[in-house]
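Listed below are the structures to be examined.
The two complexes that follow have chain A in common; it is paired with chain B in the first and with chain C in the second.
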Partner chain A sequence: MPHPRKYLAMAKASLEVIFVYRAGWTVNLIGSVFYVVAMFYLWQTIFLSKPGALGTFTWPQMKAYLIVAFILNSTMTWFDEWQMGQDVREGRVAIDLARPVDFQMTRLASAMGPIPFELSSAITIGAIVAIIFGGIAFPSDPAHLALFIVSAALAVLLKFSIIYCVSMTAFWTTGMEGVSNARMAVQNIFSGALIPLVFFPDWLRALASVLPFQGMISTPALTYLGTMDGPTTAFMIGSQAVWAFGLLLFGRLLWRSAVKAVTINGG
Partner chain B sequence: MAARLRHARWLVYIYFRCLGQQMKAILAYEADFVILMISAGLVQITGFLFIWTIFQRIPDINGWTFWQVVMMMSLIFITEGVGSLFFEGTWRVSRLVYNGNFDMYLVRPVSPIVQVLAGAVGFNGLGNIVTGGALLAISLSNAQVQWTPGRALMLVILVVSAATIRVAINLGTAASVFWIRTPWSLVPFFVHQLGEFGKYPITIYSLAVQAMVVVVIPFAFVSFFPVAYLFNMEAWSTIGLLTPLVAVYCLFMAVWIFRFGLRRYESTGH
Partner chain C sequence: MALIEAQGLTKKFRQAVKEPGLVGSLKHFFTRQYKDKLAVDHIDLSVEAGESVAYLGPNGAGKSTTIKMLTGILVPTSGRLVVDGLVPYEKRQKNAKNIGVVFGQRTTLWWDIPVIESFNLARDMYEIPAKRYKQNLAEFTELLGLDEFMNIPAGKVSLGQRMRADLCMALLHDPKMLYLDEPTIGLDIAVKDSIRKFIRRQVDERGTTVMLTTHDLGDIEDICNRIVIIDNGKIIHDGDLAALKDNYARDRVIHFQLARPPVSMDPICAGLPACDLKSDGLSLSVRFDRFEFAAGEIAAAVMPYVEVIDFRIDEPEVEDLIRKVYLGQLTLDAPDSAAETTELAVATEA
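After this line comes the complex of A and B, so read on.
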């Protein structure tokens, strides 16, 4: 990045937009907690009726997994794809094209901007849920916590690179709602957001392991719990990085062919 | 009485004419239409996979079997689909009010509520109805239900009532924009999220959550109680019979709240 200050200013601007509509964002976040609470009750019932049903997971570990998944899921929502769709549809993307900045970096900056707000709200909500349900497991080793932070940061970058690639469809289709929903459906199942991947039957687990999505939830959550051994952790975090940067590059290629498809109305 | 009936028939006619125009508008974007349908199907398939994976580990959840839980989920999806396909307009109210375009509805000689309901078409609803319907059919064929003509008729009544409850909730919460002005459907979306609790048997929740989904926002009558009735689940099945009454009550309340809000409406630019 040749001019980091430009992008920092963009990130700040997009955070400020969130603050203007903070009531709306907060209500949205609180709304998403119902899903987590329903999950907690469901898993609690399963655990109480058959403690062995969680496999190698203890109940506090399972709760921690759900909370970590919730917090990671709260960063970068459908809003980024929707925004991209709107910009292309309404022709605002023409302004972006005229600016002397890198398009992908601009998008990354404005997607990253709201993260401090998203994270602090999600952690607060997550902590309240965790306390209501009797606490969660914490990393037993400070090294796990450090690795978790690295893995979580990579997870956010990976999520951006996937959203960026998907949002390129905005140049060919007008409605992003369907594309966004499809992306979230696939991501929810294969990232481990709905259920830890180890609970899957072999064929589904094999499929998940060759897709990039597991790096979004499963890898950081398992790193937090410290249930993977050293080499596995290193390999999983490494593959997160490879996917994240690989897809960033792929997104740049997509963008190159996408701008050729641009038609600006009223020009 | 005859005049009232004629008026009601005329409103239904107007509703379908408006909806028809919206359909044409959507079908102009063919790719969007296909993508929306497929995405709705994908969401349900992942939901099904989730429940299936859980039931690989345990035989039942609090005595509720796999197919019963699938049926609860399918009812949530089907009713959501009906809401999007035929009554998506409720989700556009906040934007209309925010832009000042809602005035348009008020100057036309048709009930604003009918115009709101016919205000948009969400084709993802068709995907939801088709896949949800398939899941419902599969779960019914796999579960032991003692079918009688009465029970079959009741199935139809229950599905219609469940859809009515969902639409009424959407309409009633959409009216919140007359008090809380936001460009997005803030309150409707918030309440919509409560539907998550409807996907599983309510016996797994604490009393407070149960009270919320039974009494405050009756999502339990969309999925749980109808399933309890069809499968004759002892104590719960009798309450399932109340579903049509709850639907009528919800619809009545939603229309009342919306009209009450309309009286407060001052248009924008004051």
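After this line comes the complex of A and C, so read on.
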């Protein structure tokens, strides 16, 4: 990024916007609390019915997995395809184009802006839920923790890259809500947000392993738990990075061809 | 070299065509049919630094499309375009630093945050030196009266306030070129007036080059020296405002108010053979070519036969003129001045 300052300023502005819409944001947060509590009771019931470990997971590990998934899911909640659809439909993209800024970087900046706030509140809630359910597993050593932080950061970037690529369809279709819902459904299954991928049948797990989505939840969560051996962890984090930056680049290409092809509405 | 140089600039859009009704929709779903529309059709345009150009045309004539190509938002289908030495769509970001853009129909301010914060963002985006930013902000705040709503989010200010803030936003980085797309749309007279004065001041004092599209002819008379009219994607007139008036708005009308009805119109008519006379009771109006007669000559020809209490003169209205052009009632022939500038541009290039 050649001019960090302008993008930093944009990130800051988008964080401010969250405070403007604090009611909407709070409702969203309360909803996600209900969701994580429901997930906890669901999995608790499953684990209680089968004493000991389920597959490779123990109950404390499963709890940690759910908390990590919850926290990662709480990031970048303000960036979605719908917004891009609005911007294209209402011609606001034209305004961005008349500015000395890189379009993808402005979107990245405004998607990243609210993250400090999103993370701190999600971690607080996660901690409270974890304490209520009797504590969770922690990474065994600082090296694991460091790897997890890298993996989590890549997961957030990957999330941006995927949504950005998908949102480019806004230039060809107007039904962005459908597109957004479809992406969310695929993402929920293949990222491991609903069910850890190890519980999938073989063929579905094979499919998940060639898709980018596992890098959004499964990889950072398993890195946190430290259940993968060294080479596997390295490979998984490596492929996260390849997907994240690869799709970031692919998104730029999509954007370029979109701009060339498109008749900006209202022209 | 001129600030804006366009030769054979063309933009073709592909529009989806859909037959009416459910069957049409269904057909459209499976087999899309498209039709090419030439929004801008081989236009030549040359704008010198410091000019203020009104870019006019009926709805859908190709005004906004041209502006979007000039700003680098749209990629032309064909033709050559250079703005301040840059090809806008190739060096979009660099070009963006040289220009300011105001869209009357949508704001460039951030909707949810206070107006002042949008300005601060502009400072960071355009990398405006701190001192320059402070000076400009102070000056524009005073001229445009931005103080009263500086700390209110753009979404909550009135349209007039928003437009004023948008103007400030567009000019904070000292752009050489200012594009205004219907800058006074929907505003009340007082705000329109202050905005026009402000823009004119930028042209006069800072030498900012202005190109504006508008449907409000007051904008043109108050701000612009030159008028370019586009219709169906083609430029049909290019020249200065005075020349347009001279060439196509030659008629003036002088209205006399009389003490008593004229005894006979015949001697007056005989004295003014080339004029169009209308008499109705106590009023008499004479339409005349202002290059053939002076108003005084008309008065001198009328006075001997009637007792005049009062009189007034109607100047030709640009508005009428442009309305006629739009409606196709008036065809503007090959504009001399446009041909001249094109030749000049080619000569400079060679």
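In the analysis below, the second predicted complex is superposed on the first by the 257 of 267 C-alpha atoms of A that agree within 3 Å, B and C clash if a C-alpha of one lies under 4 Å from a C-alpha of the other, contacts with A are read in each partner's own complex, and residues count from 1 in each chain.
Just so it is clear, a residue touches a chain if its C-beta (ideal position, glycine included) is under 8 Å from a C-beta of that chain, and two chains touch if they have at least 3 such contacts.
Quick caveat: nothing in here was measured; it's all calculated off a predicted structure.
**Q** With the two structures laid over each other on chain A, which partner does A:Asn28 touch: chain B (first), chain C (second), both, or neither?
**A** After superposition on chain A, A:Asn28 lies in contact with chain B alone.
**Q** Pick one for A:Arg89: touches chain B only (first), chain C only (second), both, or neither.
**A** After superposition on chain A, A:Arg89 lies in contact with neither partner.
**Q** Output check: A:Ser49 vs chain B and chain C. Expected answer is one of first, second, both, neither. What do you get?
**A** First partner only.
**Q** Touch test for A:Arg252: chain B only (first), chain C only (second), both, or neither?
**A** neither
**Q** Return first, second, both or neither, reflecting whether A:Val179 touches chain B, chain C, both chains, or no partner chain.
**A** A:Val179 sits against chain B, while chain C stays out of touch.
**Q** Considering only the touch criterion stated at the top, classify A:Lys6 as touching first (chain B), second (chain C), both, or neither.
**A** A:Lys6 contacts chain C only, not chain B.
**Q** Between chain B (first) and chain C (second), which, if any, makes contact with A:Val101: first, second, both or neither?
**A** It touches chain C, and chain B stays clear.
**Q** Quick one: is A:Asn188 in contact with chain B, with chain C, with both, or with neither? Answer first, second, both or neither.
**A** first
**Q** Among the partners chain B and chain C, which is in contact with a greater number of residues of chain A?
**A** Of chain B and chain C, more residues of chain A lie in contact with B.
**Q** With the touch criterion stated at the top, can you tell me which chain A residues are shared between the chain B interface and the chain C interface?
**A** Correct list for chain A: 21.
**Q** Which part of chain B faces chain A closely enough to touch in the complex?
**A** 29, 31-32, 35-40, 42-43, 45-46, 49-50, 53-54, 56-58, 61-62, 124, 182, 184, 186-187, 189-190, 192-194, 196-197, 199-200, 204-206, 209
**Q** In the complex formed with chain A, which residues of chain C make contact?
**A** Of all residues in chain C, those touching chain A are 13-15, 39, 64-65, 68, 71-75, 92-94, 96-97, 99, 101, 103, 105-106, 108, 110, 112-113, 117, 120-121, 124-127, 153.
**Q** Which bits of chain A are touching chain C when the two form their complex?
**A** Where chain A meets chain C, its residues are 3, 5-6, 8-10, 13, 16-17, 20-21, 90-92, 94-95, 97-102, 259-260, 263-264, 266-267.
**Q** Going by the contact rule at the top, pick out the chain A residues touching chain B in the complex.
**A** Touch residues, chain A against chain B: 21, 23-24, 27-28, 30-32, 34-35, 37-38, 41-42, 44-46, 49-50, 53, 55, 172-175, 177-182, 184-186, 188-189, 194-195, 199-201, 204.
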